[in-house]
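Have a look at the structure below, then the notes.
Chain IDs A, B, C, D and E follow the sequence of writing; residue 1 opens each chain.
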Amino acid sequence: MPKGGVNAPVPVAAEATPAVDPRLIVRQEGVKGYLGEFRRRITSGELGSLPVVLALIVIWAVFGSLNSSFLSAQNLSNLSQQIVGTGMIAIGVVFVLLLGEIDLSVGSVSGLCAAIFAVLNVTHGVNQWVALLSALVGGAVVGLIQGVFFAKVGVPAFVVTLAGNLGWNGLMLQILGANGTVNLSGKDIVSRLYSTIYSEQAAAYGVALIGVLLFLGASVLDARRRQAAGVPSRPVLDIALRTAAIAVIAFLAAYTLNQYKGLPLALLIFLVFIVVLDFVLRRTTYGRQVFALGGNIEGARRAGINVSWIRISVFTICSTMAAVGGLFLAAQIQSASQTSGGGNLLMNAIAAGVIGGTSLFGGRGSTWSALLGALVIGSIQSGMNIQGLSNAIQFMITGAVLLAAVVVDSLARRTQRAAGRA
Amino acid sequence: MPKGGVNAPVPVAAEATPAVDPRLIVRQEGVKGYLGEFRRRITSGELGSLPVVLALIVIWAVFGSLNSSFLSAQNLSNLSQQIVGTGMIAIGVVFVLLLGEIDLSVGSVSGLCAAIFAVLNVTHGVNQWVALLSALVGGAVVGLIQGVFFAKVGVPAFVVTLAGNLGWNGLMLQILGANGTVNLSGKDIVSRLYSTIYSEQAAAYGVALIGVLLFLGASVLDARRRQAAGVPSRPVLDIALRTAAIAVIAFLAAYTLNQYKGLPLALLIFLVFIVVLDFVLRRTTYGRQVFALGGNIEGARRAGINVSWIRISVFTICSTMAAVGGLFLAAQIQSASQTSGGGNLLMNAIAAGVIGGTSLFGGRGSTWSALLGALVIGSIQSGMNIQGLSNAIQFMITGAVLLAAVVVDSLARRTQRAAGRA
Amino acid sequence: EESSGGGSSGSASGSAGGGSTVGAVRIGLLLPETKTTRYEQFDRPLIEQKIKELAPQAQIDYYNANENATTQQTQVDTALTKGDKVLILDAVDAKSIQSSVQKAHDAGVKVIAYDRLAQGPVDAYVSFDNKKVGQLQGQALVDAVGDKAGSGSIIMINGSPTDPNAADFKAGAHSAIDGKLKIGKEYDTPNWDPNNANQEASAAITAIGGPNVVGVYSANDGMAAGIATALKAAGLSVPLTGQDAQLDGVQRILVGTQTMSIYKPFKPETDVAAQMAVTFAQGKPLDSALVPVTVTNGSGNQVPANLITPVVLTKDNIKTTVVADGLYTVAQICTPDYADACKAAGLQ
Amino acid sequence: MTGETVLALRGVSKRFGAVQALTDIELEVRAGEVLALVGDNGAGKSTLVKSIAGVHQPDEGTIEWQGRPVSVHRPQDAQQLGIATVYQDLALCDNLDVVGNLFLGREIRRFAILDEVAMEKRSRSLLDTLSIRIPSVRIPVASLSGGQRQVVAIARALVGSPKVVMLDEPTAALGVEQTAQVLDLVERLRDQGLGVILISHNMADVMAVADTVAVLRLGRNNGVFDKRRTSQEEIISAITGATDNAVTRREARGTEGSP
Amino acid sequence: MTGETVLALRGVSKRFGAVQALTDIELEVRAGEVLALVGDNGAGKSTLVKSIAGVHQPDEGTIEWQGRPVSVHRPQDAQQLGIATVYQDLALCDNLDVVGNLFLGREIRRFAILDEVAMEKRSRSLLDTLSIRIPSVRIPVASLSGGQRQVVAIARALVGSPKVVMLDEPTAALGVEQTAQVLDLVERLRDQGLGVILISHNMADVMAVADTVAVLRLGRNNGVFDKRRTSQEEIISAITGATDNAVTRREARGTEGSP
């Protein structure tokens, strides 16, 4: 039997009926059909990430009107770097959320791995690549341990990772030792990953172009294959409109970044992580199995999926991403300190995933929600900082804006439920 | 149609078969049968809260052997007061967990309500009862608002309460104002609720006796009614053994407390809250509906349960309990400070519920888990304090112990799953 | 029954707890947090060392409240349970610790307010003055900005809004800065989080405009780390303050990305605290040399006190302060990355 | 002995996203009548039942109860009118025991407290009526077999005093004996003057108890037949939309190929 | 044309907490044979199927595969042996679409990447075989009707190349036409030399396709019958444990009371 192959014991019966349902409301061709379909989706609440994007636009508009420097290229460029640490961690959290589980240890793990890198590289003078690898492997091992306790021993993920939250924080303090904060040299690989900004105009535009072309190419190829196989495919107009939308966003972003210093490497790495892991989730067997587990764990088990292995691997991915995020956060302040991984980091990372549209109950979400969520949270923080309000007021407004950002999405989903789709 | 009454449209058919299944493995009468049943339960993992109790005993034994003052009457008496604040909040969290939801705002709400009381009573000289009521109503209103956003608007509870966590904290800072910490007078009702200790020997023993008698009476009455109605009832031996176990625990506790200062009022209030709310959950329509929602929300809706109302009320209860807990915590340090409700309080309260055996996925749990969980967490903290280790080590050990405390339970449940019961 | 001694706190300390010899004194050391390195790196070992020196049989119980006032309250309870006779108490929250101080007082236990002036019937106090610290930071910034004061404004990044001590630093700093420098943006930073501080600084630079920033007030070295990178990213080189003389802060001062820090010579402070504790433990009154002044605390109690002056740490006095006092060795400071700067500063 | 119309649908339509599940449905149920609702898989039967029961809101059309238009926004509303429903996807609360599920939303109380004893007693007798053996009425329904769960769901509908009972494939998971009991039950309900809507794919059962047979096809009415004047074959061809279908072909083969 | 024994159970017992669900079960399935497994509700049929499929572990007894004892600890093990199962509680992943569910665990890949196009194409043809209309193979199965879900679950079992197929009440939710198709399918499977275990409460279906009928009663074997030499009545009395049962009574009434 060929690997992954399919072997039908049953020849297709002659008396086949058409599988397409006659009651399906088929979209009309052309622009009009497109608009009609769009209207139908809006009324029935199938909006995808549109509400969050809308919320983001509103947030930007409000803060921009309050203080013009919010929308300055400099601030947006800073923002694009500041979200990377939390965003990377949020990507890992998205994986865990897809299983319908939670990881409360990501903050501590990020701090721990930053400390591993800093102490090895700076204090013990270990080669930077070895130190980097050690930090990442450290994260992976942490995830592995937590995953085993969850998947094999059966301790609820909440408890395992809560214990981890404490334990790894303790380990970090231990590793940092009595001296506490360790300064990075500023010339090491981690700092450079964060602080490098490609100032050639071509860099940002080039990346935008490559992204758009990749999307277009993949869409066209897919549509061709589908047409050839006789299964429904996306109409040309649809592809064109989507590509156009993406092109506008990509080139606008590139233009803004070029207005200040150029394309930050950190942002580029972040995007690459998102795209690659999104691909893993949507287009590989592994990703399919992660979604299946989040949808119906018993169903997944019966389908022959190795549930323990998926669970362990997802927790490993999550902790590894926490390590990556931790390194970027350390690079941001050029040091690993005892406060690393503390504070609001954990909540921000989880909130980023959830606000971006990943369900807490498993089986629904995407790595892109890490970007969207981190952007929403980062923008609020940045906006409040530019306003310079007192903390009491800041907390209240941040809370209110967080809530408001999700209300649109929730209302949309409510319509959707009423339309029988949730 | 009589309220709650039942009206059969169908007369019972004549050809009824006996409803009891012949395959049911019926327990033998007498002590031997009791032990056999016990063994069967252990092997198939139906242990209830036994694993947590065991974990607690191990924790006490270990810390007691490391330092004898851990098991001193004074320390245990202090412990019994220290757990009240977190425990009260955990009771509220249990309600929310039963719905399969989470409330991340309890910490901030507890701080907010403590601040309301302190500022009204101390700063503005408002009558203490009015201030107390305002604090509780404040908590309830907070819960109501969050509940409405969750139940009516449809924002995920995680997001609503995360926003609340920030927002209410901001409000607390605002209320406390620039001066920060407000010290309680020490003679107000809240302080007295916490600091009062009934030193008469009779008090502790009396409460223990009343508790045991109530349990015995209720058990016997229930068994009688069941026998009269011809439905299976608990055998006398069973009732006797359970009552004996409870009596031993109650009188041991009373004895220990009397060894030091006597019965702390705070502990008594905590126990009353647990018993009353446990009764509400297990013996009233409302409680039944809460469990139903946690089990199958669509099922509950179709059964005609007002889902929104239950959700809103549960969040109101949770926030009100957070307010109660916050007042006890304020009384403990005789002040409402800017750190009130911060730190580990949120995680501790949730962890208490989960460690005590309440499921994060809804539909399974009890208010007693708040007591057990708060005891586990409080004991670890107290034991670590007595050992006086550095924080790094403390964190690691606390994490490890937390994990270990739940591993027993998880292993038991794993057996249970293998035996087809989860 | 095995430890009935635990029941009557403040007496018979010898019988409670494991293995202390008869006549040993039992001293509780309660420190507030671990986020700043000084407590576990300096305060604890130095105090323990000094006490052992003065009273070899003394037993010291150590507690750290991890920034939580409630935890500290339970730790005071624990200390009383274990029979500690003297408490060296560094309050998380000077106000809300009052009830615990009262409780200890009622149990006949002496309380030494360490570093922060707790409220309630405190028996003695030794500290650096928090307000003074802020004032020194502020003054140092004013001096460093010098005549650029008119050409722009500064950014103030204070400590955690939920940390009562941050309010003291802030007030002190304002007393020195207000009227002399223009404050462009001011922040309180939850949890003293360096990453937050970094973002606040970035935002402020954007809002004010890079060239208009003439200096940054940072309440401690941890946040200064984050601020320094924000300044670097914006291509700014302006005065930046700090506090605590953390190793990384010292290194930044060497290379010039931070202007100053506050060095609190822990040794005198810990020595005084240890002496006070041992004196109390022996049941003797305090020598007036040990408590030259009297201060009034927030609850109106008169407290005999010993206030030690903090030192402004700059590139010029690294050698004579932190190195000379044995806080850090030259080797610790002068890692390869800082070798050049060390040479320039005459450290190597 | 069928009485006046208790429940009627007028032009009911329901759409899910891009699927038009129901189009312009007309339906009438009279007291003392068993109306069988039949149709192919995905014909919209369950959607129709859920629209009546308040689980879904129809997009268009009205529901009339005893001649007056009513609005049924929530399952509660339908229950208050006197409509009891057994859903195809049973929607029991897995964590509650059998008693808890049977009386959910209609608990028996004594002094405002749940009267567990009375509920347990009544549960046993209800289940006995339906000839089902359940190890204990105190185990969570999660551990029941498919048929046992189905019977619990059916028994649920009998708690309370409905005027119309809707059963969505009630016998699908049931054994021969239990099926017979449920069919008996349906007849008893009719004899007590209730209106019964019975959805079933089993033509034998439909022909055995139905008075009227309404056929749905692709979300539309496809004829209402009086059982006494219609043959099973006619109904099947209304369901499949053709006289030549897999069933007839299978039967044809069966006759020629039988030993 | 039945061949040698592919699957055999020897003395299998399974207990759930206080319930002895299976006691000492013996069973044999031969290649090219349709074995109908029948029994009352709660008789233990699904438990038996799940024990074979690796969902539950039997407490005692052994499972033999092609004559050799095997251990089946997880559903994967059973699948690797070549056992495909359609469960009564379908256990589909509600969030995945029809294609995703059909190929779950057996995805078609091209260069290690999911080949959605091939899977979609194959899904359509599989569903066509079973005469089911589904609005789109790209909608989440949560929004399918009961019968549509059932068909998806059946089609799942045909992806891969099993040697034994176990179907737990596959036609319970199906319309007349789909039922006929599934019965056809069962016969085709038999003709291809597969062993089929079919659980059904529908005696007509059982009599139509089964070669052998094994009866379970209260968790024990209650006889194995050769279909050709047994009447439906005999089997029903083996199921209910009595010749006087609700079915016979109902039939008796039916005959005397019919118009």
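Operating definition for what follows: a contact is a pair of C-beta atoms (placed from the backbone, for glycine too) under 8 Å apart; a residue touches a chain by one contact, two chains touch by 3 or more.
All figures in this text were calculated on a predicted structure; none of them were measured in a lab.
Trainee: What's the overlap between the neighbours of chain A and those of chain C?
Mentor: A chain counts here if it touches both chain A and chain C, which gives B.
Trainee: Need the graph distance between chain C and chain D over the touch network, please.
Mentor: Shortest path length, in steps: 2.
Trainee: Taking the mean of the C-alpha atoms as each chain's centre, how many Å separate chain C from chain E?
Mentor: 73
Trainee: Averaging only over C-alpha atoms, locate the centres of chain B and chain D and give their separation in whole Å.
Mentor: Using C-alpha averages as centres, the distance is 42 Å.
Trainee: Roughly how many whole angstrom separate the Cα centroids of chain A and chain D?
Mentor: 45
Trainee: Residues of chain B that contact two or more other chains, please.
Mentor: 15, 21-24, 173, 391-392, 394, 420-421
Trainee: Quick check on chain E: which residues sit in contact with 2+ other chains?
Mentor: 16-19, 42, 131-136, 143, 181, 184, 218, 246, 249
Trainee: Which positions in chain C touch two or more other chains at once?
Mentor: 34, 40, 161 - these are the residues of chain C that touch more than one other chain.
Trainee: Given the complex with chain C, which residues does chain B contribute to the contact?
Mentor: Within the complex, chain B contacts chain C at residues 67-69, 71-75, 78, 82, 85, 173, 180-183, 186, 259-260, 329, 332-340, 342-345, 381-382, 385-386, 388-392, 394.
Trainee: Flag every residue of chain C that touches chain B in the complex, lowest number first.
Mentor: 2-3, 6-7, 9, 16-18, 34, 40, 61-64, 66-75, 77-78, 80-83, 92-100, 119, 161-164, 167, 299
Trainee: Under the stated contact criterion, what part of chain B meets chain A in this complex?
Mentor: 104, 149, 153-156, 158-160, 162-171, 173-174, 347, 350-351, 354-355, 360, 391-400, 402-403, 406-407, 410-411, 413-414, 417
Trainee: Spell out the residues on chain D that touch chain B in their complex, using ranges where they run on.
Mentor: That would be residues 53, 55, 74-76, 79, 85, 87, 90-96, 100, 103-109, 112-114, 116-118, 120-122, 124-129, 131-137, 143, 156, 158-162, 181, 184-185, 188-189, 192, 194 of chain D.
Trainee: For chain C, which residues count as touching chain A in their complex?
Mentor: Residue positions touching the partner: 34-37, 40-41, 161, 185-188, 190-200, 202-207, 209, 221-222, 225-226, 228-229, 233-234, 246-248, 251-252, 332, 335-337.
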